[in-house]
Each structure stands twice: as structure tokens, then as C-alpha cells.
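Structure in C-alpha cells, see below.
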């Protein structure tokens, strides 16, 4: 009977997820083959579309921005042992906050407005997360089901508001008025131009920088603050948290509200940065992808950044793909997304026993070699 | 060491069960080490051993719940391949698990027929089962309403359902894993009468228990396990509790700790009429009234499950009090009235809970993270609004060297420390705060002998430093050697107090069983 | 047009709209009662709808389409089982993954096969489930009250509608009156009890998710080959989640779940008809509110304000014996 | 000149058998006639519009035709970014120097099919199923109702809308539901202006043995004998002409309005519905058409005052 050895970190958080990711990509390749296209060509187009030219980078990072926000949102809740499936709805409602602020407080100068809009997004997103959080914390209603329900409720609410309230007189499209020019987040290419650097135009805007800053803040928060510590304690062992005087319900609510606020930053990127108005379904599934991003990134901001970049690449490359190969639509990206979540999330333990065994055998041989 | 009995005395009769070379590991834990065991037909066979000795694991292997890594199982002399519980049931083995295996939302009848429904459609089997159940109930006086929902039944009745389940499946060999740990004395007596009936009918019983008194009273033979190994087999009639406990622990049991007289000073903790309910609303602590003074150790003895846990949790601020008051240095600190565990800590109450894994440790954390649990807001651990991990690391290293935690690596995951070392880390965290009042439950559960002595010394040192200590333990030895005064809890009430100098195992035992203290002392006097 | 007739017609539509919900809610119930969360209903329904429409188009028979749908959903159930039962993966994540996967895969394969933007070609009469008219339905049409109930409400639905409504008592019977049901419920409450009773926990849970697959397959086939006449991208439009909500609302029990499905189906039918309608005195009805009601009601139920929904105890937890 | 044309469809996609498909037909026809390749894109959600247009513009596609009113705001942005590129938008007016807007007098075409519906109806009750509840679709409904009343003053018109978002263009199941509910209330002819949703409406009509009326494309062939006629909205012509004009350098920005007189809207008669249209009906509809073109009969445009006299 061999003694098992604990896996080193680089295998645990590096090699294993990569192995799972690889499997997801291999299966995706098989799907491409099955529909009669050439996977190698698909990968080429994907990569070219994502990184092949200057503008592509901009698009890739623009998508990455959204995924960073939703990935961080999922991760913070997850550290508290909560499965927040509601990022989609929280981001959507966050968009309402941003839009209302931008439309009704448009007399404010930009820097102040930026802070106000950010706060509005956070408050709206956090408020939307608060109800499921409260119900979980105080009445034990499972947050998975309630956040799913809240996504639908948010969607209905927003349709109602966009159609009946926010739609400008005479417009047929259910979308809000454009926000004032001076309240828009500057595009990176504009900033670059101001600095005398020539850059291809893309939707990449200041919120990407903001996403990086927020990532660092989340990292500090989770691992270097008392609240972060408390949230992780509640997530890992709620009884121990109670014993320590960290009332779990309180931190469940805090974690969910932070999660909702983080989700809502998607609206900053989309509404203030790119679309400049509130569109129906502007969240476009970013909230759900955030789950995959966080799981792949092992709920660590750095991992989340890498995973977000991967998904940003898939999104942008995938858009290119659907332009280049008519038989492959954007749906290919959705398939890859699904497979990545399946293999890196649901089946994350699939290879673990085998890898552990192989690694143990190798280590034992190594040890024996050293002893000899 | 292995002093086997059996073949010679029982003659040609095959043992009902024979285990040979059973070996089992759970990851890093070696739960069973090449175990041999023979159980004679028609006897009651006891198995004793400390927590974590591997008793449950061994029996679960016999019942097919776990699969052994090595070894063979023989039933009635025949080699049996037991790959699952269905195989064990087929050869006539039944088991009452330590943690009941019942479907709480089902009726008694449904629980009993689960797996032996007697046909694809329930109706066919159910009526037959109802009849058969009636017969079994009569035969063993196991009265129970077959249509009652199991979740509504008391623990004692639930245990009857477990026994009925086994008997309904035609068990010839019945394994009971710590059946009395959760029973009232009356229920326990009833259980032993049932076991006798079973034995009379020629059935074989394996009984796991911590209580040597039960072993002496009820069994024919007894086997002792220690740290995963089978260390001895005895005829009950030829052994004594002293010998068994020595075998269990591996050396002569330390009955008295060297310690000086206590110098109790001002009252630190004053508990008045405290009542505590559990999550289901059942009153677990009934009108407890007592005090703990500075410079003394007050012990609370009792059979586990008699409200000590709830009492300790209420005093620690984890569970709300339903009635009564708790005062700390004359200030009201009754749990639930705006006072929680954090507030109590601020006021100088340290708490080592009974259940280390469930409560005192976050095993997913590194040692240094675990070492600040409950004290994360200590200013010494902060720098510039963030946690100061360097300071925390240093403090953890200090705890580790003071309490001899091994390995002394603050960055190692808590789960990777052995149980005893985890316990030492928890004790270090709480004791080194130098609290006014130390609440401590089962301080030496799962801890090796060397560490026990060390921990006991530290607790006495706290007392000698003028601190108040409230100690809850189910180990009478521990209570008697540490405490200056002993309170006995039974069925949620504190039924009496005994000075340590007057205490002995008999008196305490009687009181723990609910006998009035005066009667208990009188009975002791007569004995 | 009298009010009574309006009500009958609304109820008639309710039966049609609640049918896929009923089948899917029962599917969810089988899975969840055995301890496996099934968020994948939505994706499985899509997969079933696609297979049914595609195969019915090629073969020209709705029955073959139905079989294909069931085969697809069973395969997806096995995938879900493989992830969460065999590999003890997170059931919520697995469900989400299957939903996303199927949303993409059905469209992708649809485009590859039919090049119609993810749709399947329209099915002709013979490739769809047709309404069944009860004997004498036309004759009694004008009999007051009962005639209308018989001819409009009861008669004239396709076979899957009747199957769905019969599936409810059938599911109840299986769940509460058979050995299989007893074991299934037990394994969702306390798998340890099932294991020690000598029954394989893993096999039991697989059987349950397969049952789930069969039912949700029918639900998908209903959408594309009975109610509709082709598959469209994302045609389930959240019905899987509504079914899940109905199952929770029905407290994981067949008849209450049926009631919830009828309620949600009714709301849907009503909302559809209220779109753009200006009621005197009230003004335009906010259809979005009516549409969101199932979700709102479910949240309120979960919050314990209208009776408590207690899920199976072992729901969501893989059975781990040895740590 | 060489052109590199592109089309961006609205939700519902190229094969909705209706509105977008009409655009597709026009583009295909141009390709057939001239051998000019074109690119097209089906958006899956609203946020893709901008990206699709920008993508085409960046690749030098010119002209770019955007189908559907929902494209307006996206087009407005992208057109500003690419002032050299010619954009044509169908169903909406965007006022920019490089944008051509094509809108139709749908109320006129709808009036004609309303006339036919009223005449074909035996119960005197007819239905209308709209897609997204917006003024444009109410314009269809209003023209239709006027046509119905014109030919039969006692006729009753049931109206339902499918939804309030883009999803309403692509929900045939709900469309079928609505049609069924109208049949149950006694209607025997139903006209849809619902894009992909209409497929379900026509299906329901065919299933129930009633008559449907198609829209945008000629949908008579979907269920021969069950589709009374189709209100043709010549999006195909609009697309074709945009391509052609760009190729001939005659492309002009500004507003183009296509009504009955311009042949932009019409009703469809072919071998699939010959048997359904009596001579009497032919005569009546021809008369109405004549009157409208000549200006003797004015069909009220809902969008002019957000109200319908019916």
C-alpha cells in the first residue's frame, strides 16, 4: 500500500486545470471536425481574429474586461461558499443605475460623474444581490435557485422599463437615450491619440484599467483584510465562523453584495464605455461566462485574469470565425464555453486521482533514488 | 501481546466471524492495521478502544460498507467475499451504525423494508412486512409504531428501528456501534435486555462501546484496539476495567495529576438559571446554576449528549440562551442578548470547543490563518488597515514552539497536521491569549499521552495564574485529575456537585446516570 | 363571445403551454428526488427539441423524432451523471455547462445540417403530432357548458399533452408505490441508508437521471414537433428554468408540481394574450409582470412566506464514503 | 464600379421566410445577375449589431445594407466612424450624409390584404398577429383593419402582439398560440406582421384549416392552399437597388419612401393561392389599389399620429 503524497501547487492550480482545458479544446476540435470544418484552420482564424491585428487586441481586451468583472463577482461569493448565478441580472440592474445616473445627472462634470455612475452601478447591482443574499442568510432559501429567478425577474423588469419608461418618445427600439458625450468613458485609442500614439480604434476603454485595479483590490480584500478573512472562514466552515464570532449570515450578505457590485461594473464598460446607451440584454451572457472564468481561474484574481483573457480571445476570435467561415457561427464559441465549463468546472476532479497516482509513483521513485 | 483464545475452548464450533489480516487506509490515515478477530457464535463480543482507534472502520468493513485493502472475512467458517452491504446482509450480518442510517422522512415501516421490499410494487411486500414487524416487536419487546415518521422519533426509538431493520433482514450476527452513547440509562438498560434475548436465541452480537462498565456487565469476550491495531483479546470474566483501560491507552492510566491546592478568589463566571434549546427547540440545558471563581478549575462531568455541549456553546456565545443569565465579572454576558462569541472574546473569554474539526479549525486554511480564528481583529495583527501576515506568522511560530506543534510550519495547511497537533494549535491560540476565563471541552480527545500530560499542565498553570477554568469532559479520569470542583450533568440539569477530593468513579457514575447525589453518596458508603 | 367561452379558451391554451412544463418538472423531480440537482433541464429540452425536429424531418415520423429526442436527453443525463455522480463534480456547474453547451451545439449542428440559421426545416403534417379529436366532440360542441368543455378543453390536443397529464399520476405511483420509487426517494434523503441496505447508490442515481432524461426528452419533442413545427435556436426560452421553479414550487411532489405548472402555464397563456391589450380602467397590462410572476412566486415560496419547501436532504451532494 | 456589398440582418435571421429573407432574396438575385459576391451577417443579440457593421466597414465592404429599424442607433455610430462607406438602412430613417434610408408604406399594402381577408372570411371575423409591439407594426395592423372595414363594415378584427423585444420576431410557438386563440374566437383569416414568428401563425392556420396571410416575402408557398395571400414588402428590391445604385455610382443618401405607387408594397398572387382568390376579390382589390395610387383613397398611417381611426 503506497502512501499518497499531496500534489504540489503547480500541479494543483496549474497543470490540472490546463489538462482539463486541453480536453475541452480537443472535444471542441472534434465538434468542428464533425460539422465538416478543419479544426486547425479554425484555431488559426480564432488566434488571428483575437490577436492578429491591432484592433483585434482591443476587442479581445474589451471582452476580457467584462469577464474579469463577472469572474471576480463569482469568486467573491464563492469564497463565502455561495454560488452566485445571478451576475447576469445584477449586471443588468447595475446598467440601470449607470444609465439613470448618466441621463438624469448629466449636468455633472465627467470625473464626478464617473464616481457617481460607479456608485450607482454598485448600489443597484448590490441591491439586486441583496434580496437573494438576505433570503439565504436569514431564511435559508438556496441562493442558486433564487439568483436564477432573479435573473429572469431582472430581465422582465428591464424590458418593462426600457419599453415603457426609458425608451425615448417616438423610438421603436427598446433602448434608452444616448448618454451625453462628455459622460462617456474615454476609449483607449483616444487616450493614446492624446498622448500622440496612433492606435486602431476599438471598444477598449478606460474600464479595462479599472478592471485591473479592481482585481488587485479584490485580491487585497480577500486575502489581506478582516472581512475577506471572515468571508473565507464562513465559506470554508460556517460553524467555525460562528465559533469565532463571525456571524455567517452577515458575511453572506456582505459577500453577495460585493459580488453584485462587481457584476455591475460590466455596465460601466458596456453602457458608459461602449454602447453609450442602455440596450436590451446588453449583458449578453457575460454573467454566466463569469462562472467559468472564476472556476478556471481557481477563484484567484490572477487566474481570473488569465481565464478572462482566454474567454475574451474566444469571443473576439469567434466573432471573426463567424465572419470567415459561414458554417461556423458564433455558436461555436458558445459550444467551447460550455465544454470549458463542463471539463474545468464540473469534471475538475476527473484527472486528479490518476495524476495523484502518477505523481506519487514518480515521487517515490525519486525519493528511493535519493536514498540509494 | 496477542493472547488469543478461542479454538481450544470452544471446541469444534466454528466462530461466527473470523477476520484475518484486515488492513485499511484512508489516504494518510492507517485506520486498520492487519487486524485478526474471532467472534464466537452465540456470544456478545465487546470491542473497546479510544476515539479513532479504528473500531467503526473495522466493523464497517465486515458489513461491506468499506472495502478492506487486504485481509479476508470468514463467516461460519466459510470465506466470504464481502463487496457491499448486500453481501453482508446475505450472510446474515446486520449492523447498527454509530451514525444512524435512516431516512428521516420515511415511516418506520418504509425504513425497515428498504432494500427488501419483496417485489417491484410496494403493496405486495408491505403487509407482510407489517406482520413480520409485529412479530419481531413482540419477540424482542421493541414496541414502535410502524407508521410513525422516523424523523419525529427520539434517538432511542430510532435505534430500535435500526435494530428492527437488521432483524427483519434475518441477521444472525448483529453489530452495534456505540449504541449507548446517545441513550438514557433506561433506554440503555432496555437495549441490554434485548441483546440478552438475542443471545438466548443463538444470535451473535458485536458491541462497540467506550464504557467499560457496559463491557463488564454485558459481554462474554472483549477485544481491545489501539491506534488501528488489535492489541488484545480477553474473556470478560478474566479481565478488569483497569486492565482494559491500560490496554486501550497503551500504558498505565494516569489517575492523578500532580497539582497544588487551588486558591479560589473572586467569582468570574456566574451562571443563573440558564436554559438552552437546540436547533429543534428541544431544551438541552435546564436551569443550570453555578459559579466559577478565579483560580479554580470547575469540571463538568456527564454522559456525552446530556447538555454539556449546549452549555459550553451558550457560554461561548455560539448558541443563544433561552432563559436565565450569565455574568462575567458581574456584567451580563448572556448569549443572544447582543453578546456573541466575538464580544465574549473581547471581554477575555477563551473557548476551546469540544469538536475541533467542526468548530475550532478551518482545515482548508494554513496554520497561520487558523491561528487567528476569532482574533483576526486583534490590533497586533493589523497594519495599515490590512492584515499583517508577517506578524501573524511570527505569532503562529511562537504558538507552535510553546505548544510543541509539529511540524512547526505556519504555512502548512491545517488539514495536514495530525489530530493531536491541531488540538495543540487550538489550545495554544486560546490559552496564549491569557484570558480571564477559559472554557474548554474535551481538551485531550484524540491526543497522545505525552501531549495529554502537557495540556493538563498548561491548564493547571492557568488556574495557578489566577484564571477561571471551566472544563467539560466525558473522561472521568480527566475530570477527576484536573478539576477542583466537579458538577455532574444529567439530562440537561446539573444534578449535583462533588468536591474533587471526595470524588470517585462510582459516585460520579451513579450521578451521571441520574441518581440523586445524596443517594449516590449513600450507596457509595454502603459499598 | 361570452366570458365562459373566453375562460375555456384560456384554459385550453393553458393545457398546451403547461404540457412541456409538466414533463420537464417531473423530469426534474426524478433527478432531484434522487439527490442530483438538475439545472440542465433547459439544455436537455433544447437538445430534445432539436433531435426530434431534425429526425422527424428526415424520417417523416414524429414518433421516430420522439425516440431521437429521448435518446439525446438520456445521453445528456448520462453526461450529467458522469460529471456529478461518477466524478462527484459540482451539480450546479454541470447543469449550467450542459445548458450553455446545448444552446450552442443545437444551433451549430442545425446550421451544419440545414443551413437555415440554426432552424430546422418546417415539418409537414405527417411529421408532427396531430390533434386527437375525441369521438363526438364536434357533435356536442353546442351543448351548453359541458359541450364546450368536452370539445374545446378535453378534446383536440395532441398525444403528448395527454401523456403529460397521465405522467403525473404515473410518476406519483412510481414514486410512492413502487420499490424503485422508495429507493429513489431514499437515496435523495440519505444515501448512506440506501448503501447499507445493500443497494448501489450510484446505480440508483443513474437510473433516476435516466428517468429524468426520458421525461425531458418528451418535453423537448413537444416543443418542436407537436406545439411547433420546427426547431429554432433557444426555442425553450427559459422553460426549463420555469419547470424547475414549478418543481420547487410543487415542493418536489408530482401533484403540487402539476398545479404549479398549470398556474405558470396559465400565466404564460394569459400574458401572451394580454400583450398590447389596453383594459378599460387599468390601462395597458404590464405583461412583463405577469411573465415574471412564476419567478417571483417561487422566490416567495422559497423564502418560506407561503409554506416551506424542504428539498431532499442529500440534494446537491455527491455520495462520498471515504474522505 | 466594383462593389463589395454586405448585408446585416435583423434578429430572426436570413431564413425567417419573411422580412430578413426578403433582403436575402434581393442580395442573392443581385449576385445571380451580376456575379458580385456579397457578405452577410446574422446577429444573435442586440449588442452584435455595431460590431457586425464596424467589422464590415473595416474590411472595406461598401455599400452596407442594414435590415430593420433596430439597426438605427448602431448604424448611426458606425456610419459616423466610416464616412466614406455607404450605408443603407431599411425601415428606419437615419439622417447622415452617407446613409440612405428606405421606408415603406406598409399600411397601403396591408389595406389591400385587409380587403381580401374580409372577403374571404365566412365568419366576418379576422385576425392580426403582430411581432414586436411597436408603432411600425401597429401601422400594419391599422392599414389592415382599414382594408377589412372598407370591404365589410361589420367585420370584427382581433389583434394580438407577440412581445415587446426583438425576441418577438422569432417566436413561432407563441405566434401559433395567438393565432389559435383568434381562431377559437371565431376568426377564419389571420394576417401576421411578425417576421419569423409568423411562420407559426401560418402553420396554425394550416393546421386549423383556416387561412393565413403572409408578409414581406411571398409566403403563399409555405402552405399552398392555406395562405390567402401575402403582403409583399419589397425589401428585396430595396437591397437590390442599393447594390445596383452603388455599382452604377447613382447611390444617393437621403430618404426613399416606397408605397403602392412605387411598387414597394403589393399583394401576392401565384399558383399557390389562385384557387383562393375569386374574380370578385381580384376586382375589389384592384379597385382599391387604383384608388390608393390615384389618391382617391387615403389609408391612414398609424405612425403619423400614433392613432388608428378603426
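Letters are used for the chains, namely A, B, C and D, taken in the order the chains are written, and counting of residues starts over at 1 for each.
Simple rule for what comes next: contacts are C-beta pairs under 8 Å (C-beta built on N, C-alpha and C of every residue); 3 or more make two chains touch, one makes a residue touch a chain.
Note that the coordinates shown come from a computational prediction; the quantities given were computed from them, not determined experimentally.
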item: Both-way neighbours, i.e. chains that touch chain D and touch chain C; value: A
item: Best-connected chain pair, where connection means C-beta pairs in contact; value: A-C
item: Distance between chain centroids, defined by C-alpha means - chain A, chain D (Å); value: 39
item: Averaged-CA centre spacing for the pair chain B and chain A, given as whole angstrom; value: 46
item: Distance from the mean Cα position of chain C to that of chain B, given in whole angstrom; value: 48
item: Where chain B and chain D are represented by their mean Cα positions, the distance between them in whole Å; value: 78
item: Overlap residues in chain A, where contacts from two or more other chains coincide; value: 159, 163, 329, 331
item: Sequence positions of chain B contacting 2 or more other chains; value: 27
item: Residue list for chain D, restricted to those that touch at least two other chains; value: 42, 44, 133, 164
item: Complete list of chain pairs which touch one another; value: A-B, A-C, A-D, B-C, C-D
item: Contact set on chain A toward chain C in their complex; value: 31, 35-36, 83, 85, 131-132, 135, 139-142, 144-146, 148-150, 152-153, 156-157, 159-160, 163-164, 288, 291, 295, 327-329, 331-339, 341-342, 345-350
item: Complex contacts: residues of chain A adjacent to chain D; value: 55, 59, 159, 163, 170, 172-175, 178, 201, 270, 275-277, 279-282, 284, 319, 322-323, 329-331
item: Chain A-touching residues of chain C, taken from the complex the two chains share; value: 37, 39, 79, 82-84, 87-94, 96-105, 107-109, 111-112, 115, 117-118, 233, 238, 241, 244-245, 248, 286, 288-289, 291-292, 295-296, 298-299, 302-304, 311
item: Parts of chain D lying in touch with chain A, wherever the complex brings them together; value: 39, 41-42, 44-48, 50-51, 55, 58, 69-70, 72-73, 77, 81, 92, 132-136, 164-166
item: Chain D partner contacts - residues on chain C that touch it in the complex; value: 1, 5, 9, 12-13, 16-17, 116-119, 122, 125, 131, 152, 223, 227-230, 232-233, 235, 237, 269, 272-273, 275-276, 287-288
